[in-house]
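Accompanying notes for the structure given below.
Chain lettering (A, B and C) follows the sequence in which the chains are written, and residue indices restart at 1 in each chain.
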Amino acid sequence: MTEQQRVTTPTLKLANLKTHFFTRDGAVKSVDGVEFEVNAGEVLGLVGESGSGKSVTGFSILGLIDPPGRIVDGRILYRGEDLAKATPERLRALRGRNIAMVFQDPMMTLNPVLRVDTQMIEAVRAHDKVDDATARTRALEALAQVGIPSPEARLRSYPHQFSGGMRQRVAIAIALLNRPDLIVADEPTTALDVTIQGQILFEMRKLCRDTGTALIWITHDLAVVAGLADRIAVMYAGRIVEHGPTATILERPRHPYTRGLIGSVPTRGHRGQALFQIPGMAPSPLRLPPGCAFQPRCDRATDACATMPDLSDMAPGHQARCWHPVV
Amino acid sequence: MTDLAADKLPPVTGPATAKVETPLRRLVAQFCESKLAVFGLVLVVVVAIAAILAPWLAPQNPYDIAKLDIFDSKMPPGSASSDGTLTYWLGTDGQARDMLSAMMYGLRVSLLVGAVSVVAALAIGTLVGLVAAFFGGRVDSFLMRCVDIQLSFPAILVALILLAVLGQGVDKVLYALIAVQWAYFARAARAAALVEREKEYIEAARCLALPQRRILWRHLLPNCLPPLIVIATVEVAHAIALEATLSFLGLGVPVTEPSLGKLIANGFEFLMAGKYWIALFPGLALAIALIGINLVGDHLRDILNPRNAR
Amino acid sequence: MLVFIIRRLMQAVVVMVVMSALVFGGIYLVGNPVAMLISDQASEADRLAVIRELGLDQPIWQQYLTFVGKALVGDFGKSFRAGEPAMRLIFQHMPATLELAVIAMTFAVLVGVPLGMYAGLRPDSLSARSIMTVSILGFSLPTFWVGLMLIMLFAVALPEWIPGWPRLPSSGRGPTVDILGLKLSFLTAQGWLHLLLPALTLALAKGALIIRLTRAATREVLPMDYVKFARAKGLSERRIVGVHVLKNIAIPIATVTGLELGQVIAFAVVTETIFSWPGMGKLLIDSILLLDRPVVVAYLVVIVFFLVLLNLLVDILYSVLDPRVRLEATAR
């Protein structure tokens, strides 16, 4: 593509992505129509509760969906290239180099019987035929980048000798090793202390700004991405129900679910008042109601909601999937 | 989510049309899912029938020495007896016994020894295991130390030594087999009981001030059974194999009531002389019985394993 | 680490003492060896002389103490049958058994681990399912039966039916080579031929066990997060399986292999009998049948020693292989 195109093409663009799991009890439609885009240097917060399909979306991007799951429809455009149709070899070449992922649980992400340097060096040499010394230098740089003290000693340690926060930093360092264009972070701070959480959030944002890496931050906690993301996409029951710039979404959410999410975050202004809760429960992905999935819990629902609404523009760059958006 | 409003429930009229799914029925259904397991069950049934009904089904009573004609010994399969009354379908052995009959009677001894020893070992071992788990503390430590020592010794050596001490005879073999096996059951029963002991229904039973013996017997025991059943099934195969091995080595059941192992041992010496049938057919009978039991036990283990619960 | 080893060694000594008492007590009840050694025509005086010589007239606890005293210096008495010191007999026959056991176990691991990994990686494929079914055969069938079948097949049937098919020897041991005082036969070609059938017999049951174990371990490791993370790093499947998965399953496989080696040495009893392999096992059976008490006792003590040693080695191996355990131990 031309230089012009490279600049304007989003780093990642999902179009109507559908990933289903074919189990004995039926087809679980974990991801059933997801679209959003992320540009270079941007941070996108993908927000949704457990079971909404956000992790599956992340894995779909990396091509890490195992049977009985499969991407059944849609396009995953990495700089214009459709990853949903890429060969396994092409995906393997991209993973860890152009697109990297950080997982949720740092305890189990690193192999307990291999040293940290082994696990970092192999990540370098999987994509770059450099010698051991060069790979080791890059590993040291990455560790320094994420703020790990005395990295030389740390390299020769085993994962269980690190604390949870340190382990996650190592995982992030591994993600940064080959200077990827896109990092998908699946709830990377959920398992950590709140104070560590804040630090890592801040550092990641800074890193992405400095390197121009696009970042997709998957989380269930709206408060986390409020301070971090440039854009927010809200997922419910396998679909994006709203996406747009962070400030707009937080101040003027258009989808009832988003409004409910924001309303249920405890804030200082409402001391003494009962916490707002969205009534009902999220539907099981095995038994999605026809039409809008949020309908049973929505106070604005009408008969029209029996048909699935499309994403429609509310404002430039801001879309919501609702027949009766909040005004 | 279904509405629980009473007016929305279907009216209760007439007999229930759906089949009641008891745990037993589900077990049977899951069992039948594996063709291999069903095949194994068929093998076991065939072998069991041959063994139980041997006195009626077998063409000849191989233990009745008077009926044996020494001229008929070592005849190949399919030959007729000297007096023309019988066909030796599978040949005869060194003592002129009809192989088919000898096999069926041999199966009898083998299966009997296997089943009885397992039942006894199951009873003893479960008792020990439950007691250890229920009372804990020093009782538990001591009992488990015994179990560990027992288990660290290879079964065959324990059996060999015991038989060397006790001498020959079916009952001695039983004792040896029981001594080898009880420890497995004890350990499994204890492990299951430890898990169950923490569960709420035991606490509820205690709160009701039920006597300890009743809690142990009526509440704890039935729920510890599934893993024990699996082990019992596989242990029957082990017991039969061990008995066969011991008989083969010359210790164990006496010559007059040969089990399959003894028959095979008898046939071993004729192997190089080309009279393969004396060792081969009892060997096949043994193999069929063991494979059948193991196929059944293997699948049972998959079904009853709580981690595999579907 | 050193403290750990010393503590285990002390436990091992305790176990050996307990075992020796049990062994002695058990064997003491083994028939009446005197009847075996002296013909019925011998005079009473001769009988008494033999009894006194063998120490059989002393009370049992005294016999035990004598036994322990002598055992500590390695004297287990003379074999009733052969007249030689029992322990020396055992040592003479030990290399043959150990050679057989180690080679059998090596077969089992070399074949079992790859097959098991394959079955774990592609559990629903036809080959995987056949591997698992065949493995059931492996551990259902008693060792002696397998040995018999192998003899029938390779030493009798195939050479008869297929002209030119080599007849594999089914008894005895091949020519040996002396290494460090041990006579080992696997270094000669003929030795290998003789080793083949008995080693295969022993290897089958253990191989089946290893296949099942490896498959279960592989299936447990594959869904782990660190495997997925390795994929996310873009590593090749070969590296993921060959390094990440293998190193994790090596731990349970190594420990089980070590423990099963003890079982194999014990089960060699049967195999050696069938194949007339001149090892400790055959010696044991012959001694039991002939009521040669000192040899039996010596054998049992040696076996207990091996089992305890293997247990210790396995524990050490476990801590070497698993860095979590190793570093915990040194940190203490």
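Note that in this section a residue touches a chain if its C-beta (ideal position, glycine included) is under 8 Å from a C-beta of that chain, and two chains touch if they have at least 3 such contacts.
Keep in mind that this is a model prediction, so the values were computed, not measured.
Visitor: Using the touch rule stated at the top, which two chains are linked by the largest number of C-beta contacts?
Guide: B-C
Visitor: If you average the CA coordinates per chain, which chain's centre is most distant from that of chain B?
Guide: Comparing chain centres, A lies farthest from chain B.
Visitor: Rounded to the nearest whole Å, what is the centre-to-centre distance of chain A and chain B, using the mean of the C-alpha atoms as each centre?
Guide: Here the centre of chain B sits 55 Å away from the centre of chain A.
Visitor: Whole-Å distance, chain B centre to chain C centre, using C-alpha means?
Guide: 26
Visitor: Can you list every residue of chain B that touches 2 or more other chains, as numbers and ranges?
Guide: none
Visitor: Flag every residue of chain A that touches chain C in the complex, lowest number first.
Guide: These residues of chain A touch chain C: 62, 64, 66, 92-97, 100-101, 103, 105, 108-115, 122-123, 126-127, 158, 160-161, 171, 174.
Visitor: Inside the complex, what are the residues of chain B that reach chain C?
Guide: Listed in rising order, the residues are 36, 149, 152-154, 156-157, 160-162, 164-165, 167, 237, 241-242, 244-245, 248-251, 261, 264, 268, 271-272, 274, 276, 279-280, 283, 286-287, 290-291, 293-295, 298.
Visitor: Could you pull out which chain C residues touch chain A in their complex?
Guide: 223-226, 228-236, 239, 243-244, 247-248, 251, 321-324, 327
Visitor: Along chain C, where are the residues that touch chain B in the complex?
Guide: Chain C reaches chain B through residues 15, 18-19, 23, 26-27, 29-31, 133, 136-137, 139-145, 148-149, 151-152, 155-157, 170, 262-263, 266-267, 269-270, 273-274, 284-285, 288-289, 296, 300, 303, 307, 311.
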